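As written, the chain order gives the labels A, B, C and D, with residue 1 at the start of each chain.
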Amino acid sequence: MKRVAILGATGLVGQRFVQLLANHPYFEISALAASNMSAAKPYKEAVAWRLDTPIPENVMDMIVQECKPTFECDYVFSALPSDIAGPIEDEFINAGYTVFSNAASHRMDDNVPLVIPEVNYQHMSIVQSQHTNGKIITNPNCSTIGLVMALKPIADLFDIEEVHVVTMQALSGAGYPGVSSLDVVDNVYPYINGEEEKIMTESKKILGNLNNGSIKPALFDIFAQCNRVPVVDGHLLSVFVKTKKPADVEQIKGAINNFQPLKTFNLPSAPEHPLVYLSQKDTPQPRLHRNLGRGMTVSVGQLTQFSERSLRFLALVHNTIRGAAGCAILNAEMYETMRY
Amino acid sequence: MKRVAILGATGLVGQRFVQLLANHPYFEISALAASNMSAAKPYKEAVAWRLDTPIPENVMDMIVQECKPTFECDYVFSALPSDIAGPIEDEFINAGYTVFSNAASHRMDDNVPLVIPEVNYQHMSIVQSQHTNGKIITNPNCSTIGLVMALKPIADLFDIEEVHVVTMQALSGAGYPGVSSLDVVDNVYPYINGEEEKIMTESKKILGNLNNGSIKPALFDIFAQCNRVPVVDGHLLSVFVKTKKPADVEQIKGAINNFQPLKTFNLPSAPEHPLVYLSQKDTPQPRLHRNLGRGMTVSVGQLTQFSERSLRFLALVHNTIRGAAGCAILNAEMYETMRY
Amino acid sequence: MKRVAILGATGLVGQRFVQLLANHPYFEISALAASNMSAAKPYKEAVAWRLDTPIPENVMDMIVQECKPTFECDYVFSALPSDIAGPIEDEFINAGYTVFSNAASHRMDDNVPLVIPEVNYQHMSIVQSQHTNGKIITNPNCSTIGLVMALKPIADLFDIEEVHVVTMQALSGAGYPGVSSLDVVDNVYPYINGEEEKIMTESKKILGNLNNGSIKPALFDIFAQCNRVPVVDGHLLSVFVKTKKPADVEQIKGAINNFQPLKTFNLPSAPEHPLVYLSQKDTPQPRLHRNLGRGMTVSVGQLTQFSERSLRFLALVHNTIRGAAGCAILNAEMYETMRY
Amino acid sequence: MKRVAILGATGLVGQRFVQLLANHPYFEISALAASNMSAAKPYKEAVAWRLDTPIPENVMDMIVQECKPTFECDYVFSALPSDIAGPIEDEFINAGYTVFSNAASHRMDDNVPLVIPEVNYQHMSIVQSQHTNGKIITNPNCSTIGLVMALKPIADLFDIEEVHVVTMQALSGAGYPGVSSLDVVDNVYPYINGEEEKIMTESKKILGNLNNGSIKPALFDIFAQCNRVPVVDGHLLSVFVKTKKPADVEQIKGAINNFQPLKTFNLPSAPEHPLVYLSQKDTPQPRLHRNLGRGMTVSVGQLTQFSERSLRFLALVHNTIRGAAGCAILNAEMYETMRY
C-alpha cells in the first residue's frame, strides 16, 4: 500500500481524488493539503463538498495541511489551480517527491511526460531524463483527454491531417464557485480562458513520437473553439477530422470498440473499455453517458464521413474523472506497475 | 395597408409573426389560421402564448380559422410545421395567394426564391418564373440564416472553399412543447432531425448565382453538426471557414460593420445594421445579444485567423425573429417594394 | 426467488423498477409490459432509456408484452400512468395477481393499503379485507412520501394540527418527454395537475389509524402548492407545521436520526436510515442529497421553530426511487416478509 | 431636470438604474460611482454589463468616480451592496445629499422611510424627522416588495393574522458573478443569507401605521423560507395567508385589478396597474410575466381559499426593476412630486 498526498484537496478535482482514492487497492490517502485558508481545519469543514456521494468516512476528520513538502508519503497528486501549481510542485519535486499533476504548469516541459495511459504510456519513460530529486508526470487538460482518446484509433488507422474541435464543456471544469450562474442560465458562455491553446498544443505532444528519450510532437493542424454549457459534469466535443489516408467509418467504429491497449496490465482504475462507440443517432449525451466505465470511458458517436478523407464525430469525456483525477490516478497506477 | 393572414398562428413562430405584425406600417393581420383543434376559438384561447410580451389587443379575440384558402387577404405568411406545410401552401398558391413561407417544404424547389434580403434579394425575381395562380417566396432555416449572413462578407471578399459549422441551438426552434426538459437539463442534446441537411443545402442556394432566371448553387464544401442547448432564444454557431483567397481579419470586421445592402430601401423591419462585430473576447452570447436590432441583427465575434486561408468565428442569430418570422416579413416588405 | 412483472416498464418509473430490480435478492423480472406501441419489441428498442446507468443486460432483449393478465409471475409492479392504470390493474386483480401499484387510481380506495413501510406498514393488513381474486397494495404519490416521512417523527412526538407545504418538484416526476423545456428554462412552472389534491388527501390516510381493519384518516389541516423546477431528480419540500403540543426542535432532530422502524425486518431495499437530518444551513439540496441511502433516504434540514407550536423545515425525496419504484419494491418486500 | 448620481453603478442593480434612467423625464445621470477598482475608467470598461439591451450611449464613456460625496447632483441613488452601503450612505447624508437607497443598511432605522409608493407613500413624510444635512429614503428588499404589494389589498379588506411565504428567487438578486452555476444547475439552492429576516421585519414596517411622525409596525406573524432557482429575473412567491376577518376571493381579485393608488400623481415610472391578477391555472411564471408593466407590475395568481380565513396565492415580482432600481426611482419621483 502506497501512501499518497493530495495537493488542492478541497477543490472540485481534489474532491474527485478523495472520492476515487477511497478504498483504492494500491493507494491510501495519508495527507490532504490546500490553501492557508483551509489548513488546520478538519477536511469536512474545510471543503465545500459538491459531489453527490458523501465525504468518505476515513478523511472526514483528517486535518488539512499547507502545501509544504513535509508529508510522509510515496506519491503526491496535484489538483492545484494552474496559476499557482508550478512553484509548489517544484518545491515537492526538489524535495524528492514523485508528483502526478493535473495542473497545466509543467505539461509542455520538455522532459515531462504528458500521458493518457491508453494513448501513450510509453512516453512515461522520459521521466528518466528528469535530473531532479523527485519526478513529475502530468496528465492533459480535460478536453484534450477526451479529444485525443477519440482521435487515437483514427490516427493509428488513417493518419490525421487536420482537426477542428468545438467543445461544449461542463461547469465542474471551472471549479467551485467557478462559472457564474448568470453566464449559463438561458445562455452559452462562448469562451474559456487558455483552453483552446491547451487543446491545440497538448494533443500534438500526446500523439507525438518518442524518439531517443524525447517527444517529437505530431504534425497536424488543429483548431479549437471552447464553450461553457450548463452541464454539471461531462465535456461534449464536436470534432471534424481530415485524414491523410482515405478513411473507413466501419473500421474506425471497430477500432474504437476494440481499443484495449492496457488489457494486460490489470490496472485498477482502467476501464474495461476506454472507448465505446454508441450507435444511436442522438448520442453521446453528457447526462446519460458520462458515467460509463465509472467515468473512465470516453464515448463516441455520430461518426459520419462527408468525403473520402473528411469525417466528423462527437466525443464525451467525464471531465473530472477521466479528464482529471481519474487519469492522474491511472498514471500513478501505471508508474507503480512499470517501476521506472 | 395590405391585409395578411398567418398560417400556423398558434405555434411559436406564428406567435412571433403576431407579435412583429402588431402595428406594422405596411401590413395588418386579417386572418389567423391553425389546426382544426384551434379553429373556431378566439386566438387568446387557442394559443399557448409563450412570449414575454402580452398578446396584442387587436388579435386577442380574433377567431382562429382553418388553413383553407378562403381568407380575404393580400399576403399569406406560413409558419406551418414543415411536415404538413407543403400541401397546404400548394392549396393557397393554386388559389392565387402570394405566400411567404418559413417552412422547409418548397425552399429547395427550382423556381422558388430562398431569400435573406440582405444577402440575395435579387434572387426574389425568379418568382416570375412561377407559372401558378399564386406565388411563393421562402426564407431559409433559422440556423442557415445566421450562418449565411455571417459568411456573406467573407464570401464577397475572399471566396469560400469550405465551411464547418457546429450549432448550439435554442429551444424555441423546436416549437412548444418541443424539446423535453429531460433532454436539456444538465445535458446537451446532440441531434436535431434534418437540420444538418438543411444548413448544408440551403446555404449553397442562397449564396448561389442568379443566371438567366435560375439559381446556380455556390460551390463549396459545408459540413454541419447540430446541438440543442437550454437557451430560450438565439442560435449560436461556431464556424470554421477556409477561404479560396488569403484572408484578412480586419477587412472582414470592417465589412461586417459596414454591411448595409438594403439601406436605400427603407424597409420597416430591416435593422440599421444587419451584422455587427462584437470585439469582446467572450461574445456573442445568446442572452445578451439575441435582441440586437430588435432581433434582426446577427452578431459576430471571436474572428480568428489560424493560417492564411483558415478562419473561425462565432455567430448568433435570434432564431424566431431574424431566423424565421422576421425574415419572412422582411421578404414581404421587399416584395411589396419591388412589385415583381 | 419470486418472479415479477412490470407494467409500464418503458416509462421513467418503469425504468427505475428495472434498474432497482436488477440483482434483487427476492425478485427477478419475468415480464415487461407496456403500451401497444412498445409491445413485441425488445426492451432496448422499446424504451427511451433516460437513466445514467446502462440498461441491465438481462432485460435488454426481453420482448415487451401488452398489459394483459397473461404473465407467469408472482407479483406485478404497476408503473402505469394514472389516467390508464385503474382498469388495467383491475384486470390483473380480477385474474388473481397481487399488484404493487405506484399509480393513483386505487390509492384512496377504502380497503386498499396506502403504505410507506417505515410509516405505516401495519396498514398493509387491510389487504385481507379485499375480497377479490388478487390483491392490490399501493404506495403514495412521490411528494406525499417525502412529506409524510418527514412529518412522522413530529406527528409521533407533538401531534400535527396544520401543515403548509410548497413543493419544488423534479422533472422526472412527469415522465418522458413530460415537461416542456420552455416551461422550465429561465422559469419555474407553478402548477402540477392533481398534485396538490393528492398530497392533501393521501397524507391523512397514511398518518391515519388502523381500526378494526379500516383506516381512519388523521385529522389535521393541510394545504399544498406545487411547482416544477429544472431539477432532474429529487423533490424539495418547504414545510410549515403547527403542532398540537409545544414542540422541541432538538427532540425532533434526534427522532429523525434515530428513525429506524424497520430495523428488525432486514428488508433488502430498506435504507439503514430512512430519515437523516442534515445540519448545514443550506441543506438539503436535490443534486447533492437525493442519492443518500441509494435514493431511499429522505433528508431533512433547516428545522426552525418560530413559536412554541410553529415550525418549518425542508425535506428532500428522490422522487422516482423512494418516491415511486423504490417504495413499491419495499412494500413488496414487506408483504413477502409478512405473508398476509 | 434633476441631476442624479448612482452609487454602485457597475453592479446588476446599478445597471438597472442606468437602463431605467436613460431618457427619464425628471432625472438625468450626472455621475456614476463604484469601487476603487472601477473608478477612473469609462463606464463601458468598468462594467460587466449583463442586461439584454445595450449600454445607453450617453453613459458609455462617462468616467466612473469613487463613492465620495463630491458630485454635482440633486439626488443620489444607492445600489451599493448592503455590507458596505451604510457608512458610504452616511457620508453622503452628512454632506447634504438626498439619498434613495436600495441597500438594507438603513431600512429599519426609526426615522427612515421604507417605502413602496403604491403601498405606503404616506410614510415618506417621516423623512422630515431626519435632522441631518441630507436625507435618506429607502425601498424594501426585492422579495419583500413583491410580497407586500400582493398582501396590501388583502390587508385592507380582511386584515392579516399570519403569513407563510416560500420564495423561489432569481439569480440577478445576488449580483454578478453571484450565485455559482454549480448551485443551481440540476439543483435548487435552499438558502439566501439574511433574506428571511428581511422579509419578516420589513413587511411589518411597510404595512405599519404612521402615527405622530413615526411608524408603528403591523402586528401579524410572518414566516419565510427562501430558495434560489435558475431563473435570470423574477422572484416567485408562494404565499399562505390567514386573515382576521372571513375572506372573499372574488373581492380580493377585484381589489388587485383595481389597485391604482397613485393614479392622480402621474409618476413616469408608475405602471398603470401595479398589481394584476392572472386567471390561468399555471400563472404567474417568471419568464412570461416578469416584464408586465415594464417590470413594475406585480402579478398574482392561483388565489385559493382553503377555509374561511385561510388563503394562498402566488406572486411574481421583477426583482431588479420593481424589486430594486425601479422602486427607488419611483420613490424619487414621488419625493420630487411631494416636495417634503
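Everything that follows uses one rule, which is that contacts are C-beta pairs under 8 Å (C-beta built on N, C-alpha and C of every residue); 3 or more make two chains touch, one makes a residue touch a chain.
This structure is a prediction, so every number in the text was calculated from the model and none was measured.
Look at the CA centroids: the one farthest from the centroid of chain B belongs to C.
Between B-C and A-B, more contacting C-beta pairs join the chains of A-B.
The distance from the centre of chain A to the centre of chain B, each centre being the mean of the chain's C-alpha atoms, comes to 41 Å. Averaging Cα coordinates per chain places chain B and chain C 47 Å apart. Within chain A, residues 50, 183, 185-186, 230-232, 287-288 each touch two or more of the remaining chains.
Interface of chain D with chain B (complex): residues 49-54, 185-186, 232, 287-292.
Listing the residues of chain D that touch chain C in their complex gives 164, 166, 168, 183, 185-191, 221, 223, 225, 227, 229-232, 236, 238, 240, 281-288, 301-302, 306-307, 310, 312, 314.
For chain B in complex with chain C, the residues that touch the partner chain are 50, 171-172, 176-186, 230-232.
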